[in-house]
Amino acid sequence: MSPGFTPETRALILTVSDSSFQGSREDLSGPLVADLLQQAGLTAIARQVVPDELETIATALRRGAEAADLVLTTGGTGLAPRDVTPEATRMVCERIVDGLAERMRSAGAFQTPLAALSRSICGTVGTTLILNLPGSPRGAESSLQAVLPLLPHALDLLQGKTSHDSREASRQKVK
Amino acid sequence: MSPGFTPETRALILTVSDSSFQGSREDLSGPLVADLLQQAGLTAIARQVVPDELETIATALRRGAEAADLVLTTGGTGLAPRDVTPEATRMVCERIVDGLAERMRSAGAFQTPLAALSRSICGTVGTTLILNLPGSPRGAESSLQAVLPLLPHALDLLQGKTSHDSREASRQKVK
Amino acid sequence: MSPGFTPETRALILTVSDSSFQGSREDLSGPLVADLLQQAGLTAIARQVVPDELETIATALRRGAEAADLVLTTGGTGLAPRDVTPEATRMVCERIVDGLAERMRSAGAFQTPLAALSRSICGTVGTTLILNLPGSPRGAESSLQAVLPLLPHALDLLQGKTSHDSREASRQKVK
């Protein structure tokens, strides 16, 4: 596993919440996720808040993927009528990484059986990794901690820096 | 977590089985699932038996979702040539809830490694939750017990009764 | 559970790797998987090596499914830019078996948390079962061992030999 994030790694935290977007509720999970990423060595962290609208989320994810290596959403993964973050993520992603979502839910189950209701998915678009985190601060933290140690290596792989033949893979990517 | 089902909660149990539909085999799982739901406090429980036909199952699911808050299928989730309940469910559902299916299989694995062959999926259509259960009585019971305590809360969320701001969410839903 | 593979069971091992296809890296996982299948009683085992090209993999899977009862891929399940084995598998499969992939990753997690980065999926096309295994020998072995005891029964089910009414199911299949 890679020792940690490279200094150039850019992250975007996308809070998906009608009430936070409208300003009627404070966004607690976005700042919390930012803190956890900083503690993990990331410095280039942007934040954005969008409402629970499928197209708005998808557009934010696409733009985020152009600007960042890692996009973490928080919110909109549950069963409430307007929760559509996973659907927007699936629309945008080229490849799905089921194992990361499974790992986040498995870790969450130690806290609460309600973790099974998180519909989080993870996937890639270009060389960017997108992860859905739950909207509650506790759920977001538990999910992120469950996969955080894997993310530097995941980004290395995505960017073609494979352990066995990093040069060949980098060359392929440049083509 | 919600204390239990509300008295108005309506459930449909859909047995998917060629042989039960033809009357050549007794449907054991349907009545068993009904018993478990009754013990959990549900009273409005309907039952229906359909053959393993994709379109027939999908139609029954759609109609069930109009009439019930919770639709539980039993049967047709395995690898037999005519097992297509998950495919019908995916056709009908607007949103998939991977975590519930993962939890059902995890619980099943304590009984038998064959639980991994259940292709059950769970999802939502409108404000209705659909769950696939295996066809064997033992598998259906194990799967249902694994998620039953979560269902009242899941239905609350689906119907816009969120814990943090139930009024706002209910208003959104009415629009 | 079935005692073991029938003598007629035919397997194809499909190594997906640009470098093995080009001959610049020895394929270690393909032969290892073949050994494990032989130890499990299979004798009709074919092997093929293809590059990490979506259409090439899909074509090999389709042809493999016509000739074999069990198709095991190794490689191309990770996050590297050219890893597209799961996408090719999803294109070809009629039905997905999430539980087998979940079980492979759960078993892998005991070895390394990086198992969560395997995007392996499993599915069926006609009466053939397709499983994606990771490309590393260790990952391929761990994943295969996690599900190997289930495969004879899975193939029985796929071929309509169900435990409760094998005759009826076989007749259905012949139609």
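Each chain gets a letter, A, B and C, in the order it is written, and its residues are counted from 1.
In this text, a residue touches a chain if its C-beta (ideal position, glycine included) is under 8 Å from a C-beta of that chain, and two chains touch if they have at least 3 such contacts.
None of these values were measured; they are calculated from a predicted model.
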item	value
Path length in the contact graph (chain A to chain C, fewest steps)	1
Chain B against chain A, contact positions shared by both copies (same if over half, else different)	different
Chain A and chain B, separation of their C-alpha mean positions in angstrom	30
For chain C, residues that touch 2 or more chains besides their own	98, 102
Touching residues (chain side chain A, partner chain C) in the complex	1, 95-100, 102-103, 124, 127, 129, 147, 149-150, 153-154, 157-158, 160, 162, 164-165, 168-169, 172-173
Residues of chain B that touch chain C when the two form their complex	19, 25, 78-84, 86-87, 98, 101-102, 105, 109, 113-119, 121
